[in-house]
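Down below is the structure, laid out as structure tokens.
As written, the chain order gives the labels A, B, C, D, E and F, with residue 1 at the start of each chain.
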Amino acid sequence: MEVITFGETMVLFNPDSTGPLRYVHSFSKSIGGAESNVAIALSRLGHEAGWFSRLGNDEFGRYIKSVIRGEGVDISRVVEDREKSTGLLFKERFAHVDPNIYYYRKNSATSNLSVEDLDYEYIKKAKILHITGITLALSKSARETVYKAIEVAKEGNVLISFDPNIRLKLWRIEEARQVLLDVAKKVDIIFPGISEGELLLGIDDPNEIAKKFLEMGCKIVAVKLGKEGCYVASNNEEQFVKGYVVEKFEDTVGAGDGYAAGFLSGVLKKSSLKECAQLANGVGAMATLVRGDMEGFPTISQVMQFMGKEKHIDR
Amino acid sequence: MEVITFGETMVLFNPDSTGPLRYVHSFSKSIGGAESNVAIALSRLGHEAGWFSRLGNDEFGRYIKSVIRGEGVDISRVVEDREKSTGLLFKERFAHVDPNIYYYRKNSATSNLSVEDLDYEYIKKAKILHITGITLALSKSARETVYKAIEVAKEGNVLISFDPNIRLKLWRIEEARQVLLDVAKKVDIIFPGISEGELLLGIDDPNEIAKKFLEMGCKIVAVKLGKEGCYVASNNEEQFVKGYVVEKFEDTVGAGDGYAAGFLSGVLKKSSLKECAQLANGVGAMATLVRGDMEGFPTISQVMQFMGKEKHIDR
Amino acid sequence: MEVITFGETMVLFNPDSTGPLRYVHSFSKSIGGAESNVAIALSRLGHEAGWFSRLGNDEFGRYIKSVIRGEGVDISRVVEDREKSTGLLFKERFAHVDPNIYYYRKNSATSNLSVEDLDYEYIKKAKILHITGITLALSKSARETVYKAIEVAKEGNVLISFDPNIRLKLWRIEEARQVLLDVAKKVDIIFPGISEGELLLGIDDPNEIAKKFLEMGCKIVAVKLGKEGCYVASNNEEQFVKGYVVEKFEDTVGAGDGYAAGFLSGVLKKSSLKECAQLANGVGAMATLVRGDMEGFPTISQVMQFMGKEKHIDR
Amino acid sequence: MEVITFGETMVLFNPDSTGPLRYVHSFSKSIGGAESNVAIALSRLGHEAGWFSRLGNDEFGRYIKSVIRGEGVDISRVVEDREKSTGLLFKERFAHVDPNIYYYRKNSATSNLSVEDLDYEYIKKAKILHITGITLALSKSARETVYKAIEVAKEGNVLISFDPNIRLKLWRIEEARQVLLDVAKKVDIIFPGISEGELLLGIDDPNEIAKKFLEMGCKIVAVKLGKEGCYVASNNEEQFVKGYVVEKFEDTVGAGDGYAAGFLSGVLKKSSLKECAQLANGVGAMATLVRGDMEGFPTISQVMQFMGKEKHIDR
Amino acid sequence: MEVITFGETMVLFNPDSTGPLRYVHSFSKSIGGAESNVAIALSRLGHEAGWFSRLGNDEFGRYIKSVIRGEGVDISRVVEDREKSTGLLFKERFAHVDPNIYYYRKNSATSNLSVEDLDYEYIKKAKILHITGITLALSKSARETVYKAIEVAKEGNVLISFDPNIRLKLWRIEEARQVLLDVAKKVDIIFPGISEGELLLGIDDPNEIAKKFLEMGCKIVAVKLGKEGCYVASNNEEQFVKGYVVEKFEDTVGAGDGYAAGFLSGVLKKSSLKECAQLANGVGAMATLVRGDMEGFPTISQVMQFMGKEKHIDR
Amino acid sequence: MEVITFGETMVLFNPDSTGPLRYVHSFSKSIGGAESNVAIALSRLGHEAGWFSRLGNDEFGRYIKSVIRGEGVDISRVVEDREKSTGLLFKERFAHVDPNIYYYRKNSATSNLSVEDLDYEYIKKAKILHITGITLALSKSARETVYKAIEVAKEGNVLISFDPNIRLKLWRIEEARQVLLDVAKKVDIIFPGISEGELLLGIDDPNEIAKKFLEMGCKIVAVKLGKEGCYVASNNEEQFVKGYVVEKFEDTVGAGDGYAAGFLSGVLKKSSLKECAQLANGVGAMATLVRGDMEGFPTISQVMQFMGKEKHIDR
């Protein structure tokens, strides 16, 4: 595997109409999970990606596995929990904002994720380990698992990539801040957004956010700026990279995960910092063109055409 | 009950796709009725509201009752008509305009509404009686019912609120003008729109419209200006109150009813004229965020957050 | 045209789930009308059929026209009513019985059908005029139209076919009995069911029912016996003809109309009484295999295969 | 209120197709709960019924309230839980059996139900208190609530009705047996099925089951025998009462609750034991005619017609 | 017939959600075909239009016939192919662009279209023959059919109208250019777009494009400029005619066909060049208001209202 | 891999309603293919199965790959065809029979399957190679591929399993008979049905059919008898094995493939002939419980419970 990641993926129920959920008559099933999004996006870009989790021994767990495996992601290390159920989430849509989320993940199978679920050799053979702040918030044992995975990755000289992904429905900001900053010090690549800069560092300037994380020891900081693009920095260089504007879009869910996957794809191909950022911007933008968290991730050829770097050949 | 209202509510069939109805394959069922919209919006804002009507002794009548009762509105005075059917309406949608409406309400159960259907004591105990011009247009007996209700309300010192709601599919403009102006003279609060100012008074200036209705004896005039906001006036004060702009919206159906409900909520809470207008603007704007006539009405806490008057606490 | 018929066709709304209509969330649109069913079934069997009616100048009227015309039936004599709306019907399904029907046809455009809507030459050139008892029940002017059409047909030596089709939601049994028996005396072919024998004649024996109608002057009587088949009689011969049994079926709506169309197809081809009855049984049985009033009518080749009279060639 | 009941009602997600849930694409929302089923069925039969529970402060909780209130059931005593979410259940359908159920109810709001949630006066004013074994299985505090409610009811001379409703997904059989038998001793009317007789008493003979429960102190025992009917016994009389056979049905879910409601309706009307049993059989049978747990419950007039005790008047 | 046209119409499957087709769960059926679009649009505008093709002897062929016949278009010359199947197309939608198309038309029944399928007298009696470049690209025999039809039309002094409609999925640009320019020399009216000007003539200036086609012998050139409007020219006059702007639209598919139909309607009514262009712009714009290739075409009265040339009377 | 198979899998469009396809409004997407069914069923029973094919470089090809890979089947040897499209099939349902099929597979990508697409080593390492008569009928190159695969398997001492699967839409019976009997002589296990016995051998007696194939060199003959069960024979033993009766079922599609998979699972586990047959009957019966070709295949634990060989533990 080139990239390994792990975390909670849930069955996602999308309302068939806008408005408060009590008026919604039917829901369509899909999956949602930041880490599996990254793995799927990487697989679609042509990379070998592995994802694992702890899932319920139920139809919803089997569904998640078949979708992710279907996308070509290695799921051989997924663990089945005999006690707990697979987590769920429901979206609620209004015309003017991103959807509300209702979780049924408290005490889900994934919150049982523990150090025993790690296959050390599997991690050590990867080029990149990608982790997110969501797993850190799930449970004590899940948090320990992340810490252990970082340790194992370091032993194997595996690059560590980190998306803070603050979810205030899962933990309080004080605890989140402390843990996320602690982890940030241990990783090589970090993908903060502006609001995460504010919550974690009290800073909303991309330049300053980048500087802070570089000081903490990160080698690359990619500050996501939404449709504006991103600000990327390493110890050698730093720059603002303009985003791709789309006239209409469905929703922004999954854009951040697409961004991370695009960036890591560039890293794996040893692209320049700017090229990594451009690919990240492209994949992130394309994720917004399709309703659904992961359905919009492009192949490398599709994103190249979208970015105008490859000519579209009408079939 | 704080507010009592009555009128025709129909089963509303929403097309599942845009375009002329002959190409629409399926329709989703909901309900539509200006007065029940006001009652539901008031209930959601935390008030005690009662609504009644004359409905067919059929499944569609039972559906309307269960929806409105489900929203917490008192329907104890609804009358069942053994002869006639519950009215229906079909919407037809195109991308660029508000929907077309096809009615099946001629000779509906509600057009049989008559003075005998009024429970005088019920009305007299309310704080506000809300009526609309639609009921005045339904039939001779329905019109008499409105006049009688006004009389009863006056006996009980109940405040009378009036939305002219001109529907040119139901009566000719000459008749509408005469009746609506006659009723306007008997009410305390009136909610005209600009086009109603033109049709009834031949005036399109909000200031002038307000002045005219005040002269006729209304105590409060709230001229609805769509997304611009509203112009409100009493004998003591008058002002323009800016509306809430939303980036995207579904449709404007129900916005006027939400406006009236928001305003009456302010009146019940003895808010200032400006506060009444702001709440009215807020509820009206939120009604446009959801497809459906009444599904988008907010709770008081939701509208306060929307208006920026209360902080949103992420659950 | 070989066969001409006329009457009310409505837009039919089919519930997407079983149960009382107030719990049904969505409805699919189709059309329903006994006479247009017969015309469509005849067209599918390869005959030239014409149907006319008076429809609203609305999308539902246009829909009905496009469906019937789409099936190859001549609709050139359909009249548009500028005042009234096209009729509607809603079905309500339970697991164990045929659907309940809710009509919105009172005062529909077709109830305005009048003698002026008849094109005498059009009728006189037909081989068969098919009428039903439903049109007789719609309104005074519709009833007069049927009587006039019979008169015109007789002038043109056009064979007259009659399905009593008693609908007790449309008129009282006393009136129905008197009118239907009066019309029965003027027609050549009649298609009573057993329950119609009971209601009209007080007789439930097929043999006796046939005898009575022959005595009244009918030349052919085809008594429908549901899945058992039918009992057919003329002045020369009479016999029971066994029906086609199907293991599973959707519903029996449309079976009677398919029966009539099959029978008339036989008459047009100058088949023997028995062959007419067999074809009638076959088409009637096939109508039950598909949800929908007219979607299940077969081509002549399909019904021949179904009846085992033609070999099925796997395409 | 004539009957008061309480317990857990969940949002129920019905799959739009048969087969393992991972292949199901969309789900329709409804509600499910044994006690609310009984309350709704009683309301439809014309009785005053009250139901309460502890629900999440979320859209799903609001949905449950609007559906039950919409059916005319008093929900004034429902308590809102600020911490926990409303429970969910998913059905999975195969052609040959009753659906599988997947619950998301562990730690749901209703499992927080406690003695403090009881309104003693509300219970004491009722004629019947109906409880089920499900609430006994939810949590320690929920069980205590049932015991307390029984105590309060006895103080008020309220008749106590009990459906054991064994759910082996919620507790182990040993615990269930002990608690349910303990409660059985305190109630007036009990509705065991044959399999419950086996699990609780080790007996599968209706006659013997009835005798046992009478010995424990129950005044009426109604042993449900599915489509066969039921065996009812009091200290004075006992008899088998034949069920109503339906040719086709959707599923048997809700039939037991309909049975109980029909029986209690008889009790409230002071019908004979046999009449209670017949009405119970009728309502139970009608519940199977509609997909959905509670959509099929009839009005008193509908069930009378179904049972052949009232003539059906075609509208 | 006033206008006759022919070509391939396929069954069109519309995805029920945006995104790559592998994630789309269900598809709705409609029809798509440039020539039948023109015929349907003309029929709706009140003209007699005939369309023919070669279709498979299958349900999809029957579906196409019933839709087009249902719209009032004469289909009496449609030929049935016993060997080959009716063509299909699938759309794939993303938020920001017009849909992708997947064809299943290679070797379809229509590619068998041949000179034998032409009814010379039928063509000669028309006022206008409308052809498109798509048929020229289908197969050798289809191309010969177009050439023969042109020849026959010229014999009958029938006006020939031509929409180049370049489809690079069907043939290579070199071949397309040669054939289309050859045909352009034989026609009276041509409807190029700007991109077709570029592909065929290497010119992107409307004025120049028009001049070139006039030089080749066309009598009228109408250069489509999308929402901007069009540039029309004859040997006597030339002008830019502004388009109708719509605030929101569904998609642009069918707009070009609507444009052509509007233009030909003007020609049939002997309107001025400018009036033809305005009507063309109006019909083209209205086609974009509805999802679907032909569902949005207006009646003459609807387009007149849309263009502000007729007052809308609220029914 | 324990079992390797290959052949054509198509995207399957299921109508959302019964009746002729021209009346069906929408279709749901799934996949269909006899060989992939067997591979998926084996994977679900706990075996390692590999499937390959030649698919179009299009969304439908990617969909097929993601579904089959999602089920845990190895698809590493699937070949992508740059020229041709992935095949499609549409079902048409009537109440009383198995569905009609409309194919769009002529000249599909899989018909290009050729000997070059075989990975010899991959095949030689398997325990069983499963082939069907469908692939033999697709094209000359596909047939050669099957012959070559048999040759390679024999070199590797791989057991060869063969389902004749006669599809008279794909070839004429004379050619089918000759080729299928020729292949039958080369295989170890064969799964004929009674109708295939008739078509290939002119025999309809299971015992005789088995004898004939054993004489041709097959080592095991399993004659499928539908719901009756099967007749199995080897050179040592032979017996009738009773099938599992289900009260209701959806359709029989996929039952034969489930049967083959169940049988091969038994062979892999070195079960007795009777046990193989029982497992085959069980899996085949369970396939009929779910609409869809492959959605109903059970896990080993589910089929054991279904067969009554394992106790069902209520979760």
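Here is the rule we use: contacts are C-beta pairs under 8 Å (C-beta built on N, C-alpha and C of every residue); 3 or more make two chains touch, one makes a residue touch a chain.
None of these values were measured; they are calculated from a predicted model.
K.L.:
E-F or A-E: which has the larger count of contacting C-beta pairs?
P.N.:
E-F
K.L.:
Counting a repeat as over half of the contact pairs in common, which of E-F, B-E or C-E repeats A-B?
P.N.:
Duplicate interface of A-B: B-E.
K.L.:
For chain A versus chain F, what separation do you get between their C-alpha means, in angstrom?
P.N.:
40
K.L.:
Determine the centre-to-centre distance between chain C and chain D, using the mean Cα coordinates as centres, and give it in whole Å.
P.N.:
46
K.L.:
Would you kindly tell me how far, in whole Å, the mean C-alpha position of chain D lies from that of chain A?
P.N.:
Going by mean C-alpha positions, chain A sits 45 Å from chain D.
K.L.:
Could you list the positions in chain B whose residues touch two or more of the other chains?
P.N.:
Within chain B, residues 20, 25-26, 28, 66 contact more than one other chain.
K.L.:
In their complex, what parts of chain E are in touch with chain C?
P.N.:
65-67, 69-72
K.L.:
Considering the complex alone, what residue numbers of chain E touch chain A?
P.N.:
Chain E residues touching chain A: 17-20, 23, 25, 94-96, 168-169.
K.L.:
State the interface residues of chain F toward chain E in the complex, per the touch definition above.
P.N.:
13, 16, 20-22, 24-29, 58-60, 62-63, 66, 85, 88, 92, 102, 104, 106-107
K.L.:
Which of the residues in chain B end up touching chain A in this complex?
P.N.:
The contact residues of chain B facing chain A are 28, 246-250, 288-292, 295-296, 314-315.
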